[in-house]
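Heads up, there are several structures right after this.
Two complexes, one shared chain (chain A), two partners (chain B, chain C).
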Partner chain A sequence: MSFHILSEAKKIAKITLVGEIDSLSAREFQKEIEKLATGSPDELILYVENLTFISSAGLRVLIFAKQKMGTNLAIYIVKPQESVLETLEKTGLQHSVNIVDQYL
Partner chain B sequence: MERKTFPGTLDSLEGIRQEVKEESQRVGLSKKATYNLLLAIDEIATNIIMHGYEENDKSGVIDLQIDHRDNQIEVTLEDDAPPFDPLQHTLPTEEFFNKPLEERPIGGMGIHLTINAVDKFRYEFANQRNRNIFVVKVGDA
Partner chain C sequence: MTESNRIDYYPTHEHEGIKFRRGHSLPFGATMVANGVNFSIFSSAATACTLVLFERGADQPFAEIPFPDEFRIGNVYSMTVFELDYERLEYGYRMDGPFDPGQGYRFDKSVILSDPYAKVIGGRDTWLAKPNWDNVYPYRSRLAFEDFDWENDHPLETPAEDLIVYEMHVRGFTQHPSSGVKNPGTFSAIRAKIPYLKELGINCIELLPIYEFDEWENSRPSPTTGEVLVNFWGYSTVNFFSPKAGYAATGKFGMQVDELKTLIKELHKNGIEVMLDVVFNHTAEGDQRGHTISFRGIDNKTYYMLTPEGYYFNFSGTGNTLNCNNPVVRNMVLDCLRYWAADYHIDGFRFDLASILGRSADGTPLSNPPLLESLAYDPILAKCKLVAEAWDAGGLYQVGSFPAYGRWAEWNGKYRDTMRKFLKGDPGLVSEMIQRLIGSPDMYSQRGPTASINFITCHDGFTLYDMFAYNNKHNEANGENNNDGANDNNSWNCGWEGETDDPDINFLRHKQLKNALTLLMVSQGVPMILMGDEVGRTQKGNNNTYCQDNELNWLDWSAKETNADIFNFARRIIRFRHDHPVLRSPVHFRYWDYVGSGYPDISFHGTKAWSVDQSASSRAFAFLLDGDHAKEGIVKDVMVYVAVNMYWEGLHFELPGLPAEKKWYLVSNTDVPAPNDSFDGGKEPLLENQHEFLVGARSTVVLIGK
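Moving on, here comes the complex of A and B:
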């Protein structure tokens, strides 16, 4: 019997967001995504436990991330506050990202 | 509250939210209703700054007025950009929200969030100024 081996090395990008994302701070967020996109990650992990506000400008950066990093990119949003989660739900974004309490 | 004037630039957004937040907390608006009001105001103020002023190569101000009466809080934003009624903007359809992220057009979400975030939202053009008015009942969850 021949020998088979399968191995996988996932490329993971991690960002921690603290404070408020409006149209001004969304620009910084987008620049960071652009930087990370050059490494073509498979997963983007966003730690948002201390993110207290996100406007549609911030949500558009998530859409931008998918478009820039490729459709196979898996986005994990770790521990969103209730209000942030609600905004994701109101815009249907919760279907396109993974909302988790913990990233393992 | 007295009228406060902010420069029509993106770095005013935080200050505008701060004013509205303080006043909302003072009159006892719930945490959730406050957040939604801040979101609505942020979206419209962003539109004024980016589409009203920046895209038209204009600079100007945003005047903020907050009134509390009859168990409701009313926030008014006034600006001198060309007339723009956000409600005349096409609202995203259900089809938009069902699309996967990578196929979605950028934009359209802000006004959707605004309308859903407050009890009443209206637009007027008066005295050559745009006037966006947000009303939220105090005491509602």
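Moving on, here comes the complex of A and C:
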């Protein structure tokens, strides 16, 4: 499955994640976060409807985002699939992000 | 200087398209470094070593890289390999050298060996998922991300005397369908049950082994049911640094490290410590007939205690004995415990068959065992609880005399035996009961009461309910002709072997259970409860359920309702302990009034106040704790009076007089049916008769004076 990143850096940064995040694609994800961090966004919106898997390395990018962009950064995970949601829950990440059905 | 400016950021060698360079000797294991992975492994006698690399789950390795001679420093081979996928990589080693068992050498380069320092092991990722028996490398070393986000968590460092330990099996706790959790049998499921632990009043869970083991080891069909018998308990370590993948809902994704750390973080947030039952006395490789997994093929003579003929000493009763006081092995144990303490924030360790840790390489007990001393004085483990199961299967029994260095506590086997005998009505035990209830000062005069982990039941033996439902073990389902398991259970079936509809017998059993819980909670020292005893869990008379992955070991959550009287009693008596510091002294009693309250810190009584019958026929006594002496007189508490009558008839106990402004109130009376068998704090009823109490047959009464 392919992995794509679409992003725009404003006060609100948006990324769409598609496919699987494993250790290789996590590196791309991290680079994108680093790029967006220069704009000091207040919110990071991750559209993950078509993300089927997130590995340990992928989870770490979420924590990295918080550290890079500041603990006040609000991360929204929009419409995760059940498998991704479960991974976030079991690894405790659901406390650090906002899981929503849609971002308004 | 950026990482890419470093010389070691770039490879110097290439083999089969894999780029690598000389590595760093320390740390041992596989470590993620800039641009690669550093591999380091010790062997004192290998003549050559090869690093074997697999893509996750692949049948065959994608590369085998022999260590160039110049990559070995001393007895350590190290290499940094570049451009590896951290999450997809599996690695192992081939060690070349002599195969000469008589001399202790068992090298075999045809076998791919696990890294003793691996942080994750793949191959048993989902509990009882059928493995590929033809796998060339069944227990595969993997990498772990060690940058978990702990936020502000740290080990709780709860004073030992304030702990209520709950001995738990990860899978057994929630695997029963009645648990109602999303991922039964996992770390994640324990997290879902934290509210239950808090309701019960538990502030420390002690997990049966969670190091990677193989549940399929010695698997076979049950002679009674035909279902597969497995290694359920897990006292057979495959790797000391890796959490059991099959205990993680995310094990199939290799995320067990994160899942376990998340559980520990959440438990800490809720004031609950985590202790691990660690098994350093032997490994899963068995004796000379066993499989070579790791240690045997890497350095058999270093890792194992061997007879002069090259056979395995068997002080563990499981085939081999880890050579713990060899300096290399000692360092591995130390590295391992430091890793669990520092990286997993583990609060304490209970050492299985810990007496083995005090034996020399030839099995002789040492007076000053270097490993035990190292653990006691280690800076990282400095605040960890260290608890010894102070005996081994080779006949060494050190309860009360374990080399402690002022640090080690012990599972108090004498406490267990005395309580059991007294509860079933054996006479002549009053003086010993008193010693056990006050923290066993006869055994731990220097260390204090917290050296005594008080328990009546643990995973090994009958459950508390079965203690009062079976005279004899019933282990037929284990397939060993009922020859396995202990025979000295000191149990009493209350008049009928096994289940019965007789209401009197069932009432007596519940009463005995409550008696046991009461004694445990009013004892000085550290109480430990076996998972499920708070709801009367039964193993149907099986006292050695090591192989039963079924309802014998799974906690039936519906018992919380069906045995609500036991649960509510357990909850209240645990709360009572928490509420009253006079029950949790950090030091031994002095038996005199050193605060000027008019009462000694502790006094002993019987049917006559201030007089205790310690004769050979006595089965009854009482004691009074003076609240003004709580925590050595630093805090104020109420007076606590406990009367115990294991005689078969009720006895009138004369109550010791209270100061004029105080009255006696009833906390619990096991002779009375629920709900009046116990009362919540603040709701204890005032006694009508302030001078005497009729303590029923085989009953325990707790009063407070306030």
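Heads up, the rule we're going with is that the second predicted complex is superposed on the first by the 94 of 104 C-alpha atoms of A that agree within 3 Å, B and C clash if a C-alpha of one lies under 4 Å from a C-alpha of the other, contacts with A are read in each partner's own complex, and residues count from 1 in each chain.
Methods note: contacts are C-beta pairs under 8 Å (C-beta built on N, C-alpha and C of every residue); 3 or more make two chains touch, one makes a residue touch a chain.
Because the structure is predicted, anything quoted here is derived from the model rather than measured.
With both structures placed on the common chain, the touch criterion links A:38 to neither chain B nor chain C. After superposition on the shared chain, chain A has more residues touched by B, the comparison being chain B against chain C.
Touch criterion not met for A:102: it reaches neither chain B nor chain C.
Looking at the shared chain after the overlay, A:20 reaches chain B, while chain C stays out of its contact range. Of the residues of chain A, those at positions 22-24, 53, 55-57, 59-60, 63, 87, 90-92, 96 touch chain B in one of the two structures and chain C in the other. The touching residues of chain A, when paired with chain C in their complex, are 22-24, 53, 55-57, 59-60, 63, 86-87, 89-92, 96. Here chain C touches chain A in the complex through residues 85-88, 145, 147, 149, 182-183, 188, 248-250, 253-255, 257-259, 261-262, 265-266, going by the rule given at the top. Note for the complex: chain B touches chain A at residues 10-11, 13-14, 17, 31-32, 35, 38-39, 42-43, 46, 49-50, 97-98, 100-102, 104, 106-107, 109-110, 112-113, 116.
Contact residues on chain A toward chain B in their complex (touch as defined above): 20, 22-24, 53, 55-57, 59-60, 62-64, 66-67, 71, 82-83, 87, 90-93, 95-97.
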